[in-house]
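Pasting a structure here, questions to come.
Labels run A, B, C and D following the written order; every chain starts at residue 1.
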């Protein structure tokens, strides 16, 4: 069960906004917008994507990891290790 | 004049791929894909977006900044300062 | 109780190595080492510092957050929210 | 010739402050300071290190890269490519 069941609508709205930013970037490149302005938009889209990541991660800790720990057993340790690896991938992205 | 005139096609291809990744993320959230798998895809999209940033920046240095410096004068310093600020925004994104 | 009780020695060794890298950077600047080589060393020190962060975070989830959730109650939610905020600070560093 | 000749003092002051932060981190781990507080300090040190990187990079563009481009020839392209690679390393750190 995915942990983001409660805030699915907000996540989808955010992702649709990121999609709009990426399409905007294509138009900027296509119409030879000044590189620095395009780069500013890339920074904004990256920041928006990281906010999505943080929201997903928070929900995952609050639901999936929480439930695994509350349930006890080896599953709890596996979930914590898996979350740590996901955080490492995000920090190195 | 935008610096990425020579590699516009590659930039547009990369941005269309990022757009596909963002749409894939919407489907993952919509179909309750396991959060960790969704996060892995967010990391991949973020990485792809940073590669676009690096390509834009490299072109900008090689064309716009290069030409401003070769032309001489105060414009050169302004272009270097502007590029540094864009790099700072990208690192803090 | 701090969660890193079990791997304190490894954390201290890593931090001492980062300290050595920072002292090395001072020598590089002091002796006018070529900027790009100095920047490569800054990247290495930043990466080492992020590994320390990931180790701290993993221990924190596996001990402090784990114990709060296993103990139950409002404390559990507070610990998860606090961890999410720390992750957000690391990603924006 | 290193590009940071004009702001060496400021760079050294910043690096000594980072060194102090790393030593502070060792004390925090050694005295079992609460993990989240230690992580906040890691974020601060990482941010300080990135400011050093941005200052080094700005000086490098304004001096070394600038002089190579003003001098003309193949050296200019090599310097721009080298700077782009350093920026990529910093963004992936």
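Assume a contact is a pair of C-beta atoms (placed from the backbone, for glycine too) under 8 Å apart; a residue touches a chain by one contact, two chains touch by 3 or more.
Nothing here was measured: the structure is a model prediction, and the numbers come from that model.
Novice: Compare the CA centroid of subunit A with every other chain's and tell me the farthest one.
Specialist: Between subunit A and every other chain, the largest centroid distance is to D.
Novice: Measuring from the mean C-alpha position of subunit C to the mean C-alpha position of subunit D, what distance in angstrom results?
Specialist: 18
Novice: Please work out the Cα centroid separation of subunit B and subunit C, and write it as a whole number of Å.
Specialist: Chain centres of subunit B and subunit C, defined by C-alpha means, are spaced 27 Å apart.
Novice: Please compute the C-alpha centroid of subunit A, do the same for subunit C, then give the distance between them in whole Å.
Specialist: 21
Novice: Touching at least two other chains at once: which residues of subunit C meet that condition?
Specialist: 50, 53, 57, 83, 90, 92
Novice: Edges wherever two chains touch, nodes for the chains themselves; is that graph a line, a ring, a star, complete, or other here?
Specialist: Contact map by chain: ring.
Novice: Which chains are in touch, pair by pair?
Specialist: Result for touching pairs of chains: A-B, A-C, B-D, C-D.
Novice: Quick one: which bits of subunit D touch subunit C in the complex? Just the residue numbers, please.
Specialist: Contacts found on subunit D: 1-5, 8, 11-12, 15-16, 18-19, 22-23, 25-26, 29-30, 32-36, 38-40, 42-47, 49-50, 52-53, 56-57, 59-60, 64, 82-83, 86, 89-90, 92-93.
Novice: If you look only at subunit C, which of its residues touch subunit A in the complex?
Specialist: So the residues of subunit C in touch with subunit A come to 50, 53-54, 57-58, 61-62, 65-66, 69-70, 72, 76-77, 80-81, 83-84, 87-88, 90-92.
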